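One chain, chain A, appears in both complexes that follow, with chain B as partner in the first and chain C in the second.
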Partner chain A sequence: MVVGLSAAEKNYIAGGIAVDLRSDGRGRHHFREFSIDTSVVPQANGSARICLGGTDVVASVKAELSTPPSGRPNHGKMEINVECSPTAAPEFEGRGGEELSMDLSRALQRSFLGGASGAGAAIDLASLSIVEGKLCWMLYIDGLVLSSDGNLLDALSIAMKAALSNCGLPKVDIISGTSPEEEPDYELSGNPEEFSRLETSLVPVIVTLTKVGKHYIVDATAEEESQMTAAVSVAVNKKGSVCGLTKRGGTGLDTSVLLDMISVAKRVSQSLLSTVDSEILASETRHNEEL
Partner chain B sequence: MDFLSPEGLRLDGRRALELRQLQAEVGVVEKADGSATFEMGNTKVIAVVYGPREVQNRNQQQHDQALVRCEYSMASFSTGDRRRRGKGDRRATELSLVIRQTMEAAILTNLLPRSQIDIFVQVLQADGGTRACCINAATLALADAGIPMRDIIVSCAAGYLNSTPILDLNYLEDSGGGPDLTVALFPKLNKVSLLQMDSKIPIDVFEKVMSLASEGARTVAQFIKETLMENTTQLALAKGPPKF
Partner chain C sequence: MKRTHFRLSPSQKQRLSQAQERCRAAAGGFQASAFVNVGDTIPVDYDNGFLRGHGTQLVEGQLLATVCGVVERVNKLISVRPLRARYNPETGDVVVGRITEVAPKRWKVDVNSRQDAQLLLSAVNLPGGIQRRRTATDELNMRDLFTENDVISAEVQTLHQDGSLHLHTRSLKYGKLENGQLVKVSPYLIKRLKQHFHQLKQYGVQLILGCNGYVWISAIPPSSSEIVAIQPATNQRAAESESRETGAGTPEAQNVEITRDLRERICRIANAVRVLGACGFMIHPDSIVDTYEASLTSGIEPKQMISGEFHVRTVEREADQRSKKGSFKGSARHLYKAVAARGDDQHHQVYVQVSISRSGSTRELCINGPVTSSSADRHSAGGWPHPT
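After this line comes the complex of A and B, so read on.
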């Protein structure tokens, strides 16, 4: 994102960060206030929208029936894609947003999808299996950036976590074909009351630490991001395990600084996770009351 | 397929001459110069305007009028079955062009020479009538950006199914095989700016469908005016009482 800043403004940002008082009044390790709204896309199995300051992203989960991945008959599949809409910035017009979209998609895939064996994925892939070796759920997780004011990756991870916990999979009745020789015959339950939820308590959130000058901050705005020398995005789940790591930016980081950043990310993520959980719960309750 | 029950109710419970529920919000993207969401039933579109600003590509600059550009895109989750649409597909290109031409007709481009206005429309949910919804959202976003216009431009679609003219088709009715007519007009000037129809109908029926769509558009115009009025009132209140 191109942010035109004068030398004085740059100084102000760097100086504020140095004394732990940023231009919007936050400390170095404080997130902006955010609100989560779930079930925003009626056609999707699960969806959520998060407004984090001026950053606005939507995530949706669509489930389709598919065949299990080769070599892992008792697993389901997940796919993550991010799109940057030109509504967020005119630079994203045409193919302009593709590079950033790809960058964000890759970072999220690293943190959510686990290794090549499917181990360490955000959702237990075995829970997506329906008939071993024959039938499973394929989850398409799509992120859409509508408005951008920094920290897109963290916002997308929160939106995807919320969308996954909002996701309902319809019940599948297997009529016949559970033995290995037969093709399975199934029926999707038409009853909207019959659905199952995903186990999402261990889905991570990403906390990005942006290094400006000597210090690093969480939840940087677009102005602050323009001043960064390096950034480290750490995906942490509720247990405190690091699920993925991405470093961006040109400058190299000292190993001790890196380890320090990871421990800060772990600490920040725990309070963030509890805020996210309560926001998701609040939104779900709101929707249930409306019905 | 029966699109009208014997009682005269449509698949979604509306009567033949009924619009879907309209909803709009102005100023949804902070960083943009103008933005709005517009909903017609389950169809939801967000439109964002950047400009008037310096022309990005110098050789496109026009010395006597503004350059208007438009890009239409569809979210991959906007349709019932998930589909990844490329930005350059034919439908998107055609729609970008249609929206650009329609909005260009409304903007007083001669007042903003050597500048560029970008309109980005993003479909969040598609349930028929996206064309009309995009134009309505773009009008609101342009008004929010304070860009001078001849008149607001409003749009509505109508069709002809089971020998009955039907207003504001949803996706099921849209794919029902009947004609689909989209009209965009200037309500005050009483002029039509966009008219598109596929399939064929007798000329006398066309007149009925056309006047129904125009009537629908006028209702939308009333709604858009109220939305803008309310938004402006809110802005005025936020600014505080006038100082003398």
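After this line comes the complex of A and C, so read on.
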């Protein structure tokens, strides 16, 4: 995203980061306040919207029945895709928006989908299996960027975590065909009360550390992002293990700085995760009260 | 304008809507219904006729609003001033803008208007204040003055028929802005005043309220700090000394040491402007200082000022202040009714709007329609019952 800043403003931003007081009063390792709203897309199985300062993103989870991936008969499938809507902001028009969505999708896939064997995915893929080798759930996780004021990746990861927590999979009754020879015959439960939740406690959040000058900051605004030399996005789950790492920006980083960044990301992510969890819970209770 | 979101818990939401309700109630009478949404009917006096202004449409004999905003009535002309609009320039406005392009003999400046404004090379002061024709060399060295993305303060010189506007920086107070940050708010929140450059001496902060909704908050440029203190309130002396001020953008202005303390004060002021902007309250030095002091007395850190809680508190404080004035506003309403009733047989609609500060001094007097000068005098010159 292109943000034009004068030399004086650049100096001011860099100076603020150096003394640990940014333009909006935050310290280097402070997140902006955010609000999460769940069940915002009625057609989706789960959805969430997060507003983080001026950044506004929606994530939705759509579940479809599918056949398991080849070689892994007892697994389900997940797919992540992000779109930066050109109707949301003029800077998403044309090539710029496409490239940005590609970058974001790739970083999220790296952090959420685990390895080629499906190990280490955000959701235990085995829990998506219905009939071994025959039938499984396929989760399409879509992110939509409505407006951007920096730190899109972190916002998307939080939105996706919330959408997955919000996701309800309808009950599938297997009528026949559990043996390996025959095709399975099944029935989707029409009862909206009968659904199962996903186990989402180990879904990671991404914390991006943006290096501006000598220091690195958490949750950069668009203005601060325009001044970055490098950014490292670390996906950390509740256990504190790193699930994915993405580095952007041309400038190289010293190994010691990188290790330092990871430990900061780990510390920040633990408080962030608890905020996210309580926000998701608050939003869910709000919805239940309305119903 | 980018909207920033703040988190509100259900109880905070309730408090916010209550405070908003109180704000509306304090406005009272016809002012309470002055806000219209798209498609709302605007009450008009059909018998006496009216003129349809901007933001309105006649549908089946009823006057409807086509934008969200505030109904404004000038004699028979009824228009709706939209709440979210681009900057509508007027000659003489002080604006803060960002250079978008360096073109032949001119700079293009983004001032949040429908078009980029133009700043001609002949409309700027050359360094050293030399008065002469601009040569080709000057044109080649334009980037030494202002380059792309520089933030500048300027004044609107002329408006043209095709909607373009020309700026000038022919005073030492205008020019490049440094050592601070830009905050953008809706242009309608900034009233045109005598004074748009404010030096808040007690904080060491300079505040430039651009009529276009761009607010520049910075350290006081060093060259102007020796000059007699300029109070935020408008007075004759301030206007005089302002013209003597050396503007920012001079080489010495670039090397100001911004201490952490000063930065925190700048930040607090900036967040006060952000909060007021988000709540839709008028932005002037008094309200900013008020919000600033409120944040200090409640002992919160600058970063907590953009939290939902502080927004709610700001609205509640405003509601308290307005309802204190409320009893007085009530008498204003009675007076309005009396005048309007008298105007009825002359087919005149009269509105008298007076805003009074808590000390009881008249801040603004706005009369739409004919009122005899004696009665207008009586309203403003203390002829009204005092609230206490």
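Worth pointing out:
Convention: the second predicted complex is superposed on the first by the 286 of 291 C-alpha atoms of A that agree within 3 Å, B and C clash if a C-alpha of one lies under 4 Å from a C-alpha of the other, contacts with A are read in each partner's own complex, and residues count from 1 in each chain.
As a convention for this text, a residue touches a chain if its C-beta (ideal position, glycine included) is under 8 Å from a C-beta of that chain, and two chains touch if they have at least 3 such contacts.
Being a predicted model, the structure only gives us computed values, none of them experimental.
Once chain A is used to superpose the two complexes, chain B occupies space that clashes with chain C. Of the two partner chains placed by superposition, A:Glu132 touches none, neither chain B nor chain C. When the two structures are aligned on the shared chain, A:Ser6 is found in touch with chain C, with no touch to chain B. In the superposed model, A:Arg26 lies in contact with chain C only, and not with chain B. Once chain A of one complex is fitted onto chain A of the other, the partner contacts of A:Gly16 are limited to chain C, with no touch recorded for chain B.
Contacts of A:Ser35 after superposition on the shared chain: chain C is touched, whereas chain B is not. Once the two complexes are laid over each other on the shared chain, residue contacts for A:Ser47 go to chain B alone; chain C is not touched. Of the two partner chains placed around the shared chain by superposition, chain B is the only one that A:Leu146 touches, whereas chain C remains out of contact.
In the superposition on chain A, A:Asp103 makes contact with neither chain B nor chain C. When the two complexes are overlaid on their common chain A, residue A:Arg286 makes contact with chain C while staying clear of chain B. With chain A as the common frame, the single stretch of chain C that clashes into chain B is 274-282; none of the other options in 274-282, 292-300 or 310-318 do. The intersection of chain A residues touching chain B with those touching chain C, taken from the two complexes, comprises 54, 56, 147, 149.
For chain A in complex with chain C, the touching residues are 4-9, 12, 15-16, 19, 21, 23-27, 30, 32-35, 51-54, 56, 147, 149, 279, 282, 286.
Considering their complex, residues 41-44, 47, 54, 56, 58, 60, 62, 64, 81, 83, 85-90, 93-95, 140, 142, 144, 146-149 of chain A touch chain B.
Partner chain A is touched in their complex by these residues of chain C: 2-10, 98, 100, 147-151, 176-182, 254, 258, 260, 263-264, 267-268, 270-271, 274, 301-308.
Of all residues in chain B, those touching chain A in their complex are 28-32, 35, 42, 46-48, 50, 71, 73, 75-80, 82, 84, 87, 118, 120, 122, 124-125.
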